[in-house]
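Chains here go by letter, A, B, C and D, matching the order in which they are written, and residues are numbered from 1 within each.
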Amino acid sequence: MPYVGVVGRGGSDVPAAVLSTAEAVGRAVAEAGAVLVCGGRDGVMEAACRGARAGGGLTVGILPGLDRGEANPFVDVVLPTGLGEARNALVARAADVLIAVDGGYGTLSEIALALAAGTPVVGVATWELRRADEGARADAGIVPVGDPVEAVRVALRLAGHRRADQDDEGL
Amino acid sequence: MPYVGVVGRGGSDVPAAVLSTAEAVGRAVAEAGAVLVCGGRDGVMEAACRGARAGGGLTVGILPGLDRGEANPFVDVVLPTGLGEARNALVARAADVLIAVDGGYGTLSEIALALAAGTPVVGVATWELRRADEGARADAGIVPVGDPVEAVRVALRLAGHRRADQDDEGL
Amino acid sequence: MPYVGVVGRGGSDVPAAVLSTAEAVGRAVAEAGAVLVCGGRDGVMEAACRGARAGGGLTVGILPGLDRGEANPFVDVVLPTGLGEARNALVARAADVLIAVDGGYGTLSEIALALAAGTPVVGVATWELRRADEGARADAGIVPVGDPVEAVRVALRLAGHRRADQDDEGL
Amino acid sequence: MPYVGVVGRGGSDVPAAVLSTAEAVGRAVAEAGAVLVCGGRDGVMEAACRGARAGGGLTVGILPGLDRGEANPFVDVVLPTGLGEARNALVARAADVLIAVDGGYGTLSEIALALAAGTPVVGVATWELRRADEGARADAGIVPVGDPVEAVRVALRLAGHRRADQDDEGL
């Protein structure tokens, strides 16, 4: 059973179209039988959890603060960490693959920590990365996809490949 | 739904009587409808998770390493952290109350971190703490109990009190 | 006395021109009387520390592993963390301002965590960030500079502004 | 150059005799040429840093919060972590040996994390630990000493032994 991290902005000013995408991603994660892991708060995280619950899935929220009450109402397993944004490393580590939906700097840190660890990242209208030393070319770390259903399909395929690679390495 | 942390030694040389106690604690946690949180590994953690699963409960394992395969087979939600024993702080923070069964130094750190945060700790045949400045008197932080069923009953009562206190404080 | 974080790739295959830039940055940090904070390892971190030592400055290395011997020989204060790449959050938090020199995904995570916390970031030939929702425009988070001396001059000015802002807010 | 962690209670109500002991420990650490590592705050930590500065030594403070201003005025290298009491694991990991002076639950967590990692711990009028399974016998993890000068002498000897052991193991 794969763990899919869904990352994106918290807060109350996330555009409705982004929330709608996140909800559809969450629903597709649940319908695929995967566990949804996220930062547990509002905004994109809440929308994704709402979708996952509608899809009958299990949701895990790794909170920045110490108060369980910070979690959005659609988180099933609530883990207060008290680490602040350092908990982003835990979201990245708890996931077999990340799906980034839009996102701010905190989201970018989760993307970067995942990529640094070799965890695949799929992006829906999220950050675009360019390395200075490669001129105008985009970095290929984030796999861009066009819609929520494709995001989950590609994410699960990449998560499966990664597990197979690890098995080959004897991990 | 309260989260009960069950802490104790990992490893393959934990005495059978300790494992039996841990399993009964886990079962009672599940039968009370609480979530069991632990360090996810073998020894006391595995016994507690086995008991919880037999009791129909949900188990969460917060692993020290990065490899999901470290988890014992009775963990439902597996969270690799890569933090080593620093993940003990997360076990303490994820729990509304801790039950310590026997235990080594790692367990002692979880007890201490919980007490430092005001999280109640119930102990079954675990560490006994004395402060030098209080002579021969034992520190009253760990609430000693005699058996697994009493441990869970006392733990849930203390977790309930703590929540009520927090509500009074407007937390 | 400001703390300047210098972040970039570790490893033995960092191009000589990048190492040369990092060394000049480290030297300028030291000559400005600032403390250099970094991840403590080889590559860009070692070059920056070598420069800082040549400039008579103090260097702090926040290591990913548990072994003090991982540090490069130019680190004065060696802090093993055992957190792996999660220590990147600590490098970002220990710095009043970051200077990124080139860099891989780990560096990108430090940049993102700093920006998420409101810590200014100066970049010398490093990542270029674009948000999907802003079309082709680059994100303005990383302040691009052309050379090591300018990097440190701009970094210290931004660190000073940030402190002044915090004082105004009563932090 | 060994790193000696000095751990004990923060706060303004630490007894004068405890502060006096901590200051003498800090001074002896500095006079032995070791780096003093601590949690960076007031109480025992401040007294130890004051002693170390009087002895001409270097002090490192690993703070629980994000604000550098939390540090006591005798900390030379200030590292805000934002991890709360989870930073206790970092104090334990940054030290080659710990000296505990008196202490509350936070101190106990640092002692336990150090012992779990094989880092020696010396105690001056600090916690006394008993394992339930060993009846009335005290656990031998904390090496008790009578005064500050002996504490530092024993601590440095133990730190030296530990390093020699690690060298033998090829660490």
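Following the convention adopted for this analysis, a residue touches a chain if its C-beta (ideal position, glycine included) is under 8 Å from a C-beta of that chain, and two chains touch if they have at least 3 such contacts.
As the structure is a prediction and not an experimental result, all values here were calculated from the model.
Chemist: Looking at C-alpha means, what's the farthest chain from chain D?
Modeler: Most distant chain from chain D: A.
Chemist: Tally the contacting C-beta pairs at the A-D interface and at the C-D interface, and name the larger one.
Modeler: Between the two chain pairs, C-D has more contacting C-beta pairs.
Chemist: Chain C to chain D: how many Å between their CA centres?
Modeler: Using C-alpha averages as centres, the distance is 29 Å.
Chemist: Where the centres are mean C-alpha positions, what is the separation of chain A from chain D, in Å?
Modeler: Those two chain centres are 39 Å apart.
Chemist: List, in ascending order, every residue of chain A touching at least 2 other chains.
Modeler: 66, 82-83, 86, 89-90, 93, 117
Chemist: Mind listing the chain A positions that touch chain C in their complex?
Modeler: So the residues of chain A in touch with chain C come to 83, 85-86, 88-90, 93, 102, 104-106, 108-109, 111-113, 115-117, 123, 125-133, 141.
Chemist: So in the complex, the part of chain D that touches chain A is made up of which residues?
Modeler: 66, 82-84, 86
Chemist: Using the touch definition up top, name the residues of chain B that touch chain A in the complex.
Modeler: Against chain A, the touching part of chain B is residues 3, 35, 58, 60, 62, 66-69, 77-82, 89-90, 93-94, 96, 117, 171.
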